[in-house]
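The following pair of complexes shares a single chain, chain A, combined with chain B in the former and chain C in the latter.
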Partner chain A sequence: MSGNDIALMAHLMRRAGFGTTRAELEAYLEKGYENVVDELVHPERGTPIDEDILQRYFGGEGAYVGIWIYRMLNSRCPLQEKMALFWHHVFATGLSKNEHILASSNQIDMFRRVGMGKMRDILLELSKDPAMIFWLDNNDNRKGEPNENYGRELLELFSLGVGNYTEEDIKNCARAFTGWTFGQPIPLYPHGYYTPSFMFVEEEHDDGEKNFLGHTGNLNGDDIINIIVEQPACARFICRHLYNFFVADEPQVPSWNVTPPNDADAIETLADAFMASDGDISHVLSILFNSDFFKAARFMKVKSPTELVTGIVKLVGTYQRPEPGMGKYAGATQLMGQKLLDPPTVEGWHTGKEWIDGGLLTSRVNFAVREVSDASKPGIQDIITRLKSNGNSLSPEEFVDKCLELAGPVEVGDTTHQYLTQFAEADGALNFEDDDAAAENQARIVSLLQLIVASREYQFA
Partner chain B sequence: MATTRKAPVLVVVQLTGGNDFMNTLIPYTAGIYHDSRPVVGIKAEDVLPLDDTLGWNPHAAPLKAMFDDGDVAVVQGIGYPNSNRSHFRAMDIWHTCEPEKIGTEGWVGQLVRELDPRSENVLTAVSFGQGLPRACALPGIPATSVGDLDNYGLMTSIGDEGQRTRALEIFKGMYSTPVGSGIVMDYLSQTGLDVIKGADELKKAPAMYKSDVEYPQSSIAKSLRDVARVHLAALGTRVFYTQHGGYDNHANEVPTHPRLLKELSEAIQAFFTDLRSQNASEEVAMLVFTEFGRRIRDNASGTDHGTGGGAFIIGDNVKGGLYAEYPSLDPARWVHGEDLEHTIDFRGIYGTLLEQWMGVDATPIVNGNFEQIYPFA
Partner chain C sequence: MGRPYGLLRAGFPYLKCLSMRRTTNFPIDIALGKEGRLYIMCRSDGTAMIRKYTVDDEDLGTIGGYGQGPGQFTWPVTIISDSEENLYVSDEFLHRIVAFNSKGEHIGTWGEHGIDAGQLNGPAGIAFDAEENLYVVDSLGHRVQKFTKDGKFLLGWGSYGDGEGEFQMPWGVAVDELGDVYIVDWRNDRVQKFTADGDFLFEFGKSGSGNGEFNRPAGIDVDLHGDIYVADPGNDRIQLFNAEGRYVQKFLGDATLSKVSLAYMMTNASPNRMRDMADLEPQKYLRKPKSVTVSDDGLMFVPDNGCYRVQVYQKQAVPLTEQEFSPPLRSVTLHQE
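Our next item is the complex of A and B:
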């Protein structure tokens, strides 16, 4: 297999998943690229994680984000978790307002369950999701007293994008969703969290005539969604989101109505697949991952905090089985500007370049450096073993190149390469013959890995 | 320009989500206010009267006390034309002063470029909290974003000082030459180098800080205490940016909004008390703003996005009082039949601060000439 095959597979698994251990990467390579894509877009064929074990090790509602990160690391269907994260980016719902961890976590479970299906079903489930209903106040959306928050964001941020509907459409959309609410859950105190569930309240629903995107009638929310998913604007909007999340960074969402896509042909290809398949997300994803524009987009996206954290944990090889301590990774993504389950606004997180500023870069670098500092972690041990298997001695340059290869492969520019080599040269060749040098070698390998994960290039997926 | 012995400093407090101005400064004698807001309206007997038409929300008592001392200029009816009521567009517009197209140059970033044209001090603008607001973003202009002031710096987990120094030297080298592979990589490089410079300076602040003032427990109080610590360390910071979130009260406004106003006004009071006790307040002016006001009528639980809002300019050199006009409550004047009409453009208020306080030409930053107010003594 060529170096390019390895680099391409690592690229696929950084994007469609959350990175790999070296052993996983080699196993994927055995299967071949197209087969791996096929497996990724059909999670129903895989073996799900044992839920009982998760509950036993991580139980308690507050631990959900930790459990989710554990799933990202260990799911046999990593794309399913990646898509749950994708929809969480797009349908951003914040715990800061909901203050109901079970409702929020149920929403993520719903994204996992339906997130790779038809767009129509996804929007329908979303519109019935209690966390979303509360987040955008649809429980206050009643006949005669419409609250247009959900109606507006459904069109602006969740399906069509600004410019593809009018203020009148928003008002009519909101009226169609009157009475879509949830049953009050059993009070939190002293009973604990109980799952709220969707409820349609007939008497709060506005049965009058509505006009929406050229359709007229006594439209209900279901009708609205059916109309939305047939709009070419919906295909383009969702596919631009997919491109932005999986291929390369686009400008921030609010500018999409005035700034054209970076690769309009790619969006068109995906949108055609969306329209031709009745909005089948799995199908669109298989076209995306097999496309030349995807394969050519290596390191063209700034890693989200979640991608950075999971990528590092994959690299150091910890948490391959449940054990306590996942919560610290939830805290780590938060310090880097991505508090999972709690995006700052309904617009979701600003991505790409906006993941980086002085404070956030500091958090990213410090986290990565700290994680790789412990040579006893299985992933670091694996790197040491593989370095040794290359012979008794490695020149500083070989040492650098091998570490870059094993840590990714990470592709770095000349400047980074030059300084890493300069760092390695200060202590000469890496010599495995002398057993007394083992501890020193280990420290040198850790130091070099710390600099690799602190590099500019490592910030990109 | 107002004269202070020290270089003027601007502290921006962004109320994220759209603060309900009508429930902050309440037209408590207007029947139409009470009729329009059966659920969220504040009863006339509960307000803290300012005059015979307007009164403060009772939870903003510390702010009212500062107003009574003559330190708070209230900018009534602030807004901009043709609001589409989207938070994100609204915040973008406030951040970039570009109501018509998508701007990328933040107004604070442009101010920093005027104050420090050669980017000599990476701490000229410091933002506290999660992420750098677009207001501070301007390609090539450094703005330091601090999440945790007490542990700011790179690779702090490397315990051995010699090793850490060596690693930081290599880090500097790796981030030194922009590889030219695009604006993101170049930006990343500059950010990395700025962090190293800024961290060496910022770590002085917590060590130097001493104060008898107790700040309340809230995120905005923590941010303003961080502003005080850095300001008192005299690191040359001219603009501080902080955010207080949670103002998007479509629902359950009654418990939420008063709590926010209480947190905000207590934090501001503690901040100025702290600075005054250390003789470091007269060079500071604070702007408190939000992206829009809210609808006149409540929706039986909260209020939806509206237009004309309100802002505050606070400081020792401020001539307290009411500025611009309270938006008309006459239904004939309502925009779209449901929104308050703004009476002054926010770009004129930025202009006021930029020209009369910071001493820079506002026209290129706010993209035009807008009516200013004169709130400085």
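Our next item is the complex of A and C:
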């Protein structure tokens, strides 16, 4: 296998998953790129994560985000978790409003369950999701006194994008979703959260005639969704989101109606696949990951905080089985500007370069450097073992190149490479012949890895 | 009580509910003390403590706390009390047993992580025999070991597998008044019964949600009649079996508001209104109960893990003599006398 094969597979698994351990990367390489893509887009064929183990060791609703990160790290269907994160970003629903962690976590579970299926089913589940209903006030949407919040965002942010519908469409869309609410759950105190369930209240539903995107009739929410997913605008909008999330950074969503895509041909390719497959997200993803534009997009995206955190934990090889303390990684992504389950607004998080400012960059670098500082972690030990397997002595340049390779591979520019080499040269060759030098070598390897994960290039996926 | 020739099962009604959210968050096990004192082990991510309580719903404070230091726990699983009301707690992450007296003072810690005889690898269920030696379920070692109270290794048995005397990540353990040992074989969805020295006697249970079936069973207890109680968190219930392992009945939950919950609700108008709008049936059900403990006088305490409370039931059974209980029937019958 070539270095390019390894780099390409690592690229795929950074984007379609959350990174890999070196052993996982090698196992994927054995399968071949197209086979791995096929495996990724068909999670139903794979072995799901051991839910019994999660139930046994992790407890409490408050632990949900930590458990989700554990899933990201250990799922044998990582794209399923990545798509849950994707839809969480697109259909941003904030815990800060509903304060009902069970409703919010149920929404993520729903994204995991249906997020790679047909767009029609995804939007239908979304429209019946109590966390979303409450987030956008559809529980206040009644015949004769419509609340248009959900109807508006469904069109503007969740499916079509500005410029592809009229104000009249919003009003009729909202009327079609009147009566779509949820049953009052038993309150938190004294005995905990209870799951709210979707409820259709017929007497609150507007049965009158509605006009929506050229269709007329007694339309209900199901009809609205069927009409939406047939729109080419829906295909383009969702595929631009997929491109932004998986391929390369796009401008922020609010500007999409006035700013063309960076790669319009790629979006059209994906949108064609969407339309041809009746909105089958798995099919679109398969086209995306096998495309040349995806393969050429290495390190063209700023890692989200979640990607940075999970990628580093994968690198150091910890939390491959249940251990206490997953919550600290939820705290880490929050410190970097991505509080899972609680996006800042209905627009979701601003992505790309907006993930980074001076303070956030410090948090990202500090986290990464701290995580790789412990040489006893299995991933670091694996790197040390692999470095040793290259012979009794490594020149400073070999030392740098091997570490870059084993940490990703990470592709760095000339300037970064020069600084790393200068650092390595300060103590000369890495000599494995002398057992007494083991501790010193270990410290040098850790220091070099810390410099690599602190580099500008490491901020990119 | 005492093991009778037969048993007339009059009923097993729900008695009451104890505690609430904030006081006992995610109760995983309960130990019974003297004079109505209870010790409720609570565990969730980043939190662990023993809540000292009474059967009259009175909060007597906490013992221990989350951590890795002396007298702390990280992943506590089981709490039991000895004849002097000293408390013993297994910690499956720190691979140790931690002991306190009834005042909450830390009186000892033992356990060394490993897979050799006498070492611990994920200790889960613990139970005393009549001599107050301690059986410890070694969940990741797929075995059972017996120690003195202060940690001297006595004997052990078991290995990974699904045959007789084999286990897959076992959880709970109970010892009956005759000294026999019951092990909940978590991943194999069954209970195995052994003599005190580990000779296999019988097993019951299989995977499923029907009566007598399990979905990853956890804790276990045996009462003085020989009845066996098994926590079945995957099916949100407790199941009761007779001494031969025959299914008798299940408990799905019947909770009402505890005394402390009622007092709380009387000062909170908003949740009272929400309760009035809600379907209240789910509030009675158990959610993921991971243990069950039965007192000598027939009180069954179920730490209701997902509901932050303890549900209490009262066994009503009349011991029968040989004259009052006919010989076993070979076949079922439709005769009505």
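Keep in mind that, in the parts below, the second predicted complex is superposed on the first by the 461 of 461 C-alpha atoms of A that agree within 3 Å, B and C clash if a C-alpha of one lies under 4 Å from a C-alpha of the other, contacts with A are read in each partner's own complex, and residues count from 1 in each chain.
Here is the rule we use: a contact is a pair of C-beta atoms (placed from the backbone, for glycine too) under 8 Å apart; a residue touches a chain by one contact, two chains touch by 3 or more.
The structure presented is a predicted model; accordingly, all values stated were derived computationally and were not measured.
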item	value
Simultaneous placement of chain C and chain B on chain A, clash or fit	fit
Touched partner set for A:Gly327, first chain B, second chain C, both or neither	second
Touched chain A residues, chain B compared with chain C	B
Vertex chain A angle, Cα centres of chain C and chain B, expressed to the nearest 10 degrees	100
Contacts of A:Arg56 with chain B and chain C, given as first, second, both or neither	second
First, second, both or neither for A:Gly183, with chain B first and chain C second	second
Touched partner set for A:Gly192, first chain B, second chain C, both or neither	second
Three-chain overlay, closest Cα atoms of chain B and chain C, distance in Å	11
Residue numbers on chain A that touch chain C, as the complex places them	52, 55-60, 62-63, 66, 183-192, 194, 323-327
Footprint of chain B on chain A - complex, ascending	96-97, 134, 136-137, 139-140, 142, 145, 147-149, 152, 156, 162, 249, 251, 253-255, 258-259, 302, 335, 337, 344-347, 350, 352-354, 356-363, 365-366, 369-370, 373, 413-416, 418-420, 422-423, 447, 450-451, 454-456, 459
Complex contact set, residues of chain B against chain A	16-17, 86-89, 92, 101-102, 122, 130-132, 142-148, 152-158, 163, 166-167, 170-171, 173-177, 179, 181, 183-185, 187-189, 191-192, 194-195, 198-199, 245-246, 248, 250-251, 299-302, 304
Chain A-touching residues of chain C, taken from the complex the two chains share	20-22, 25-26, 28, 43-47, 74-75, 93, 169, 186-187, 216, 233-234, 255, 257-258, 260-261, 264-265, 268, 270-271, 274-275, 277-280, 282-283, 287-288, 304-309
